[in-house]
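Two complexes, one shared chain (chain A), two partners (chain B, chain C).
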Partner chain A sequence: MSAQSVGSSPRRGGGYGRVTGHQEYLADIKLPDMLHVKLVTLDVARARINSIDVSEAESLPGVAFVMTAADLPDPMPRFGPQFQDRPVIADGETKYHGEPVAAVAAETKDAAEEGARRVKVDYEKLEGGIFNVTDALAPDAVLVQDPSLRGDSPFAQTNVIDEKRFGWGDIEAQESDLVVEDNFQFPMVTHFAIEPHGFMAAPTGDGIEIWSTIQHPYLLQKIMAKMLQLPLSKVRVHAPDPGGGFGGKQIPKFEPLVAFMALRAGRPVRLVLTLDETFQQVRRSSAEIRIRAGFTSEGALTFMDVETNFLVGAYVDIADRVVSKSSYAAAGPYRIPAVKIIGRTIVSHTTPSTAFRGFGIPQIGWARESLIDEAALQLGMDRLEIRLLNLARYKEAFIPMEEADGDWEQTVRTAAKRIGWGDPLPPNRGRGIAVGLKSGPTTGLSYSTVRLLYDGSAMVYAGTSDMGQGARTIFAQIASDELGVPVEQISVVMGDTAVVPYDQQTSASRSSVLMGTAVQRACFDIQGKVRAMAAELYGVDEAAIKIDSGNLLLPDRDVAIVDAMQQALAPLGGEVIGNGEMRKQKDPNHPLGGTAAFFEFNCTASEVEVDMETGHVTLVKHVTVGDVGRSLNPQQVTAQDDGAAIQGLGHTLMEHYIFDDEGRIRNIGAIDYRILTSMDLPLEMHSESIENADGPGPYGIKGVSEGSLLVTAPAVAAAVREATGVLIRDLPLTPQRVWEALQEAKDGS
Partner chain B sequence: MNPFQYARPATVAEAVALLEEHGPDARLLAGGTDLVIELRNHWVEPKLVIDLKHIPELAPAITQRKGFLSISAGTVMTDIAEDERVQHHLPALVEAAVVVGSVQIRARATMAGNICNGSPAADTAPPLLVYDAVVVVAGPAGTRRVAVNDFIVGPGKTDLQRGELVTAIELPIPDRPYGAAYTRLTRRRGTDLASITLCAGVDAAGAARIAFGSVGPRAFLVEDESGLLGDPGIRIEDKVEPLDKMFELASPSLKSLRASPDYRLAMLRVLGARALETALGRLTKELVG
Partner chain C sequence: MNETLTIRTTINGRKRTIDVAVNHTLLDVLRDDIDLTGTKECCVVGECGACTVIVDGRPMNSCLMLAVEIDGKEVTTVEGLELDGELSALQAAFLDESAAQCGFCIPGQLMSATALLAENPDPSVEEVQEGLAGNLCRCAGYEQITKAVLAAAKGVPR
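Up next, the complex of A and B:
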C-alpha cells in the first residue's frame, strides 16, 4: 500500500499538553479525601531495626497513621518480576541506603514530612555491608539475601544470584597471532527521569484502584492481584503518561505499600517521590568486565572471552534478565569462531538496579569496543577497518540461532563518512568509532482494539505507556493510513487496565513493532468488516474488492472506507470495531527464551578536543547511525536517537554515584550528580537512520530508541585516547579523571 | 518546610529593628535562591523571615556616583551582567555574574545575597575582591562601610553584626587603565557549582593581584610581590614560581565530591595563568585603545 502518514512527522500526540503544562501527570491527579505519604529512611545502608516508635509521629496534628513492617501481613509479602525478594517495606533489616522502614500517612504533604521526621527508629548499623564486587565475592562475605528466599539455587549460600554461560566453539583451540586482554569498569548511574516516581491507591469496596507512573501497567495489575488475592477484574491500574521512564519505571516499587496503606485507611493515599528519593530507588547496574580476544595478524577475530560481574543491588528486580540478555550479545555484531561468555548477577547492599535504556549492553560494549581499539593499535590497523573486517554481513549468523537482520556495513560506513573518518585532525583532537548491538524483545503479547466511529473519526486502544517516546503518534499514524482517517481525528487511549486491552510491557523498544502490528491488525479487522458491508451494499463479490490507502477499490470505482461504513450503517449510525493481536511466543529451546524480534544496531562516531591542561573534553562532533528498518516518523526517530546519545554522553562524561565507606550515596540529587545540560551538548550532532524496510514491524520498521547510547562511551573514550594517547578504563571521563590519566602518562614516560 | 512568621518592612530602619529584635531567629529574604532551599531542606528553621523586596531604598538600582558604581542590595545578577557601565568598567564582575546558577536563578539572585550567604564558592567574591568593592551596611548604630575583604569571614560567616543588613555594594571605577578577568573550574559547562573561582587583575605599573575561592574557608585576595606576574614582557611559562606563591593559602577540602585536592591545586595554576593572560590582554587593549 502507498502510505501517506507513515514516513511523515505529524504533530506529536500529547505534545501540546506536555509543552504547555496541560498534561495531567500522576502528581497532578487529586483524589477526594486523599492522604499523603512520606517514607522514613535511615542514614545508613545496612542496619538492623530493633524497634520503631511511631507514637510521637502519630500524635502530630494531621498525621493519620504510620505504617511499619509490624502492620503488614506476616510473613512479609514480597514481590518481583523474576524473584519474589522485595519486601513491601524493610523487614527487620535495611539492605540499602534509602530503603524505607516506615511510611507516614497524613492529611497534608507537610504533615507527612513532619511525621516522618518524628518517627523514632532504634537501629544498629551492621558491619560487613557489601558495596562492591570484590567484597560480594569474598569467601566470608555477608549474605545480602536470606538463603531461604533463594529456593534451590546452587548459589543460595553466596551473593551470586545466577551465573549465565553462553558461547560457541572452543576458545582454547583457536590460533591467534595477537591476544589482548583488559579490565574495564562501568559506574552506577540513575535514570533521572524529570518526573519522579509516583503511586496512588484507593479502595473500591470489592477491589482496588492503583495509579502509578509505571511503564508496565499490566504487570503491576498481575502483581497486585496476586498480593491482595483479588481477581484481575477487581484491580484497576491507571497509568497516566509518564514524564520519562528509560526503564526505571518498568517494575512495581511502592505500589504494594500504598495499596496496603489505602486499605488500612479506607481512603485514597498517595506517595510522590522527590527526585532525590528516586536516586535511592532506581539505577543502572554497575559492572566489572574482564575481556580477552584473539586476532590473526590480518585483524580477524579468532576468539572472544568475556566475563562480566554485574553488581545489581539489594533486590534483583529485573536485573538478572539484564545480565542474561546483555551477556548473550556480549561478543557484539562480529563473526567470531569461538566465544565464551560468563555473566554474573551479584547482589549488594546498594540501590536495587533495574532496567535502563540499553539493558546491560552499554556496560559490556564499553569493554569490548575499547579492547578492539587496543587490538587495532597493536596490529597497526585502522580502527574502522578492523570493525568492517569482522562485522557480520547481511543474513550471516553471528550467534547460533541469530542472524544479522540488517546491512550493518552500510550503517558503519555511513557513520564513518559523516564523522569524516581519516580526515586530518588539528592538535588535541581525536576521533573514535564503535558499534553496538542490542537484542529486541524475545517474546511479546500485545492486543489492540480500534473503533471506526460513525463520523469517520477513530479511537485506538493500546496498552503501551507513552513516556515521551511518542507511541501515541505512531499508533495514530498507522491507523490513519490503514483506515483513511486523518491523524488529527484519531484519539489514542492508553493507561487504564479497565478500558484498554492487555499489553505485556513497554520496553526493549518494542511498541512500534509489536503493538504497532496489533494496531495494524485491528485496522485490517475493520477493513475486512467494511469490505463485507460494502460487498452487500454495492452488490459486488467481496473477493473483488481490494483495499488501498484507506479506500475500497471496487471494480468500477474507489470508495473511501469511511464512506462505505457510513452508507452501510445508516440510518442508525454506530461504529465498526476491530481487534488485533501480536504474539511472539516463547521458544523453550532458545537460551533467552526466544530469538530477538529485531536487533538495534548502531554505529557511534565521535570527535573530541581535549584541554590538555585541565582534562576537559569538548565534544566537537557526535554521530550516531542506526538501522531502523524504516523511519515511521522521522522526527521522532531522530529525537529518540538524539536523546539516547545525550543520555549516553552522561554516563560517558559525568554521571556516577559516589559512595562513602558505609554505602551511603554522597551525591544524591541534581547538585552533585551531574547530567548534561544544553551547554554540554556536542557542538555538532547528527542522528541518522538506515532504511531498508527489512524489519518485522509494520511497513518494515524495527525498534528504535536505545541504539544511540549502546556504545557512546567507547566511541568518545577512543577519541580521547587518540587526542591524548591515554587509555582510560573507568567511566565517567570527568575532567579530573582525564587529567589524572594525563599526569600518570607524563610521570610514566 | 516549617511554619514561620513573615514580615515585609517598608524601610531599612524597620528591617533593622526586626533584625535587632529577633537576632539569629530571623532570616532575610531577597532573591530567596539560597533561603528557600535551606528552608525546604530544614537546614535553617527561622521563626521569622524578613522580606526585603518592598523596601524602596533597596530596590534594584545601579547608580554611577563620583568614582564608583553603587549596586543596591536588591539588584539581581542579570541586571548586573546586562548593565553597560558594569560591562565597560568591571568586565570580570560580569563574567562572574553570568555564571551564577542558571538563567532563572540569575533573574532572582542578588549579588548582596551572594556575598552574605558566605559560600566559599560564591562566584562574585573574587572579582569583588580584585575590584576593591566596599560593602555598605546599615544597622542600629547607623551606616558603615566595610571593605569586602573584611566583610567576608568564613563559610556562612560575614562581618554582619546583630541587627545589620547590607544595603549596597560600591565598586570603585578603576582610576587607571586596568585589566581583570574571571574564570572558574566546573565539572560541566552548564549550571554548576565551581570547584575553583578565580579573578586576576593587573595595571600598567605591573601591580598584579589574584583572588580565588572554593579552595578554603573563604575567597582570598593575594597581591603579587614578585612584580613579575603583571609584566607583559615575561612569558607565562616563566611565571610559574610567583604564580604558585599566590596560592599558598589554598587548602582544598579532602572530603569534597567535586574535585580532589591535587586536582584543585594543579588547576589553580592553570586557571591563574589563563586569567592573568586574559587580564594582561585586556590591559593592553585599554592602553592601546
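Up next, the complex of A and C:
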C-alpha cells in the first residue's frame, strides 16, 4: 500500500523545471523561421487615427510588414467573452493609453523595434476622454463605445454597459435604531505577473496553432475558431504554464492579432509584451461604493443598501461578470432581513479591466466591512462581536438560493484568537478584523483522462493551467491515492488542446474542486475496469470486490490495483484508460446562472503600528483564516494564502495607477509602481485553515486561492483607525494619505 | 546589421567565444543567442531581479549589463547550479519548502540566494530578506523562499 498522499505536501509537480531553469514558459519557446512582432502605440488615451504611413518602416532591412486596421477584414473582427467589443487592433480611434494601432513583423526583435519607431501615425488627440465615474455618467459624456456595437441594450446611448439589481426584502420597511452611510473608493491596480503576456501563432495549411500565456486555452480555441471560421479541430492552442496569472491571463488579448499576422506572413510570428506594455493591457476594475446599513441597538443588521459603480475600461472583457458576481454577494456573509444592491458596469477611456483575484469582492468588501466598523463604533459594540452576531450560521440561507456552507463562526473566532483580539495595545497600535465572502464557480465543465501504464506509473490529462497554484501536484495526489501509484511516478499533462480534453477554464479557485473531481472520476473508471479484469482473473464475482486506497479487496486477500492490472494485461502489456467528467449545470432560475459551487470565506485580522509623524504603517501581525473544507496539500494552501494576503497588502498599502489629466498612466513599470518586496512583509504572518471536510470537491475540499485578499484592506484600515482615530475611505494607505488624514484630524479638532 | 564584437567568456563552467551585438544586453545574449532561457525577462530596468545571474561572484541584473561587459569574465546562470545531475542545496530546499510557485522569479531568486550564501553562509532572517529584496515575487512566496534559503544555509555544503 502506498502512503496516503492527500493531506500531505509532496514536492510540487513541475518543481524540478522551476528550480533548474528548464521549465518552458512561452517566451522560452522558439519556433523555426519565426517573425518577431512589436506593437505601435500612441502616448495618448483617446485619439482619432487619421492615417498610418508604414512605408519607411517596411523599407527597413529585416522588416517583413506592418499590420494596421486597413490590413484586416472589414468590418473589423471583434471579440470578447461577454460582448464582441474588442477589435483585433485599434480601428480609427484609440480608446485607452497603450492600445496598439499597428504591429510590425520583422526577422529580429531589433528590427521590429526599429520598425515600430518608424511607423508614422497621423493622429489627433480627442477631447472628452472618460477617466472617472463622474465624467462617464455626465449627461453630455462622450460615448466610449459605438452604440451600434451595443445591440438592443437599453443603456446603449450611455457609458453604462449594464446595471445589476439584486436584493430581497424591503429596505424602506425596516425599523432601525441606527443607520450609517458612507462612500468608499478602490483604485485601479494591475496584476503584475512576473511573466509578461506573450502570444505566438503559426499557420498549419488547413488551420492554425496558437501559443499563449493564457489561463483559458479552450476559450481561446473557441474564439479563434469562430473568428477564423475554422473547426475547433483545426485550432490547436498551446498554453505553457503561465508565470503567474491572478486572473489577468484568463481572456484572449492579442492572439487574434498574431494569428492574422501569421496567416499573412505564412510563417510563425511571436509577440512577447514588455512588463510596461502589460501594465497598459490588464488591471483590476476601480470602484466607487456608496453603502448604507441599518442596525438595532443590539447591533443586529436590519438592512443593507449597496450601490457600486465599477469603472471597467475601454472594452468590457469579463468585467460585466465581475460586477454581477461581486454585487450578488455584496452584503457579505451576514443574516440581513432586507438588502438592495445595485452594481454598474461603466466603460471609460482606460485600460480594460479584467478578472483579478477576488473578482470584485475586494472592492465591495472594503466598503462593507469599513461601514460595519463605523456602526460598531457608534453602537459602542466590539467589532468582533457585531460580526459574530450577524454572521450566517452553517446551512443558514443568507442570500436567495444560497446557504452558508461552512462553520464561519469557528473561522472568525480562530482569527480573533490568533491576532490576540482584546489584548492590551501599546501606543500607536491598532487592530482590525474583517470577513470576506466570494462565490466559487457557478457553472463548470471539466474532463480528465487518466492512463494507468503497464509499469505501474500513471499519466493524468487535465486542461487546467498550472500558474503557480500547484494544480499539477493536487491532481497527482488525487490519482496517487485512488490508484495506489506514488506521486513521483505520475505525470500531469496540461496546456495543449490537441492532447488534453476540454476544460471550461482555470478561474474562481475551481480547479481542485471541479477538475479534481474529474480526475478522481477518471481514476474510479480505471478502478472499475481493473476490478472487472480482476474478477475474471481470480474467478471472483465482481460485486464481491471492494476498492480502497489503490487496492482491490478480494474476499480472501488484498491486491494492489497496479498488480492486478499487470497480471491481467500480461504478456502484451498495454494500459488501462479512464475518463472522468465533472459538470456543474446552469440554473436558469439563479440570478447568476448557477449556485455557488462553494464559498471562499476568510477572516482577516491585522495589527499595525502607525508612525504619527510620517504616516507610515508597519504591519505588526497579519492573520488570515480560511474555511477550506480540507487542506489537500497544506504547504500549497499556505502558499496560496500567504500570497493572496501579500497581494492584498499591495492594494491596501502601496499599489495604484496614477493618471495625468489626459488619461495617461504615469507610473508604468516596476520602478514607479511598487509591489511588496521581502522587506515589506508583516513582522509576523499567519495563515490557518478550518478543516471540516464540508466542501463539494474530492475528500471534502473547497477552493482556496482568493480568500486571503478579499478583505485585507478593511482589516488593515480598521487597525489604522484604531491606532490613529482617523477613518480613510480611499486606497492605498500610503504614508502620504495617512499623514494627510492625521493632519486633517488635527486641524479639525 | 548591428555591429558585433567577439567576446571570450566562461558560462556555467564552459568556455565560450561568442559574437555579440554591441547593443545587446547580457540577458539578450543568454536567452536569444545561446539559448540559456532559464534566466527570465520581466522589467528590463533592474527592479524585479528575474534576470539575476552571477558575474565573477556578484549577483547582477543581466538586463542592465551589456553583453560585451562579460568579456573575460565568468558567468553563472540558473542552468549552472546543478552539479553532476545533483540539485544544489538551495534548489532542493526551494522544492522542499514549496518556494517555487509559478516559478518565473525563481531563477533570479536562486541566483541572488546563491550569491548571498557564498558571501554569508549563515545569514539571519533579516539578512536573507535584505539580500533578496531586489527579487520580486508576485505569487509572494517570500516566506517560503526565506525559509528555503535558511534551510539550505544550515544544510551540509555541497
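Brief remarks on what is shown
One rule holds in what follows: the second predicted complex is superposed on the first by the 746 of 749 C-alpha atoms of A that agree within 3 Å, B and C clash if a C-alpha of one lies under 4 Å from a C-alpha of the other, contacts with A are read in each partner's own complex, and residues count from 1 in each chain.
Throughout what follows, a residue touches a chain if its C-beta (ideal position, glycine included) is under 8 Å from a C-beta of that chain, and two chains touch if they have at least 3 such contacts.
As the structure is a prediction and not an experimental result, all values here were calculated from the model.
Applying the stated contact rule after C-alpha superposition, one finds that A:M679 touches each of chain B and chain C.
Set against each other, chain B and chain C differ in how many residues of chain A they touch, and the higher count belongs to C.
In the superposition on chain A, contact of A:D28 is made with chain C only, not with chain B. In the overlay built on the shared chain, the residue A:T734 is in contact with chain B alone; chain C does not reach it. Legend: residue contacts after superposition of the two complexes on their common chain; A:K109 is shown touching chain C, with no touch to chain B. In the superposition on chain A, contact is made by A:I671 with both chain B and chain C. Within the superposed three-chain model, A:K586 lies out of touch with both chain B and chain C [touch as defined at top]. Legend: residue contacts after superposition of the two complexes on their common chain; A:E613 is shown touching chain B, with no touch to chain C.
Touch criterion not met for A:K546: it reaches neither chain B nor chain C.
Applying the stated contact rule after C-alpha superposition, one finds that A:Q647 touches chain C and leaves chain B untouched. In the superposition on chain A, chain A positions 110, 671, 676-679 are in contact with chain B in one complex as well as with chain C in the other. By the touch criterion given at the top, residues 1-2, 42, 185, 187-193, 257-260, 263, 266-267, 270 of chain B touch chain A in their complex. Every residue of chain A that touches chain C in the complex is listed here, in rising order: 9, 11-12, 14-25, 27-28, 30, 61, 109-110, 191-196, 241-246, 274-275, 467-470, 635-636, 639, 642-643, 645-647, 669-671, 675-679, 681, 685. Residue ranges on chain A touching chain B, taken from their complex, read 110, 114, 117, 613-614, 653-654, 658, 666-667, 671-672, 674, 676-680, 734-736, 739-740, 743.
The touching residues of chain C, when paired with chain A in their complex, are 1-2, 21, 23, 28, 31-32, 35-45, 47-48, 50, 77-79, 81-82, 87, 91, 94-98, 100-107, 110, 128-130, 132-146.
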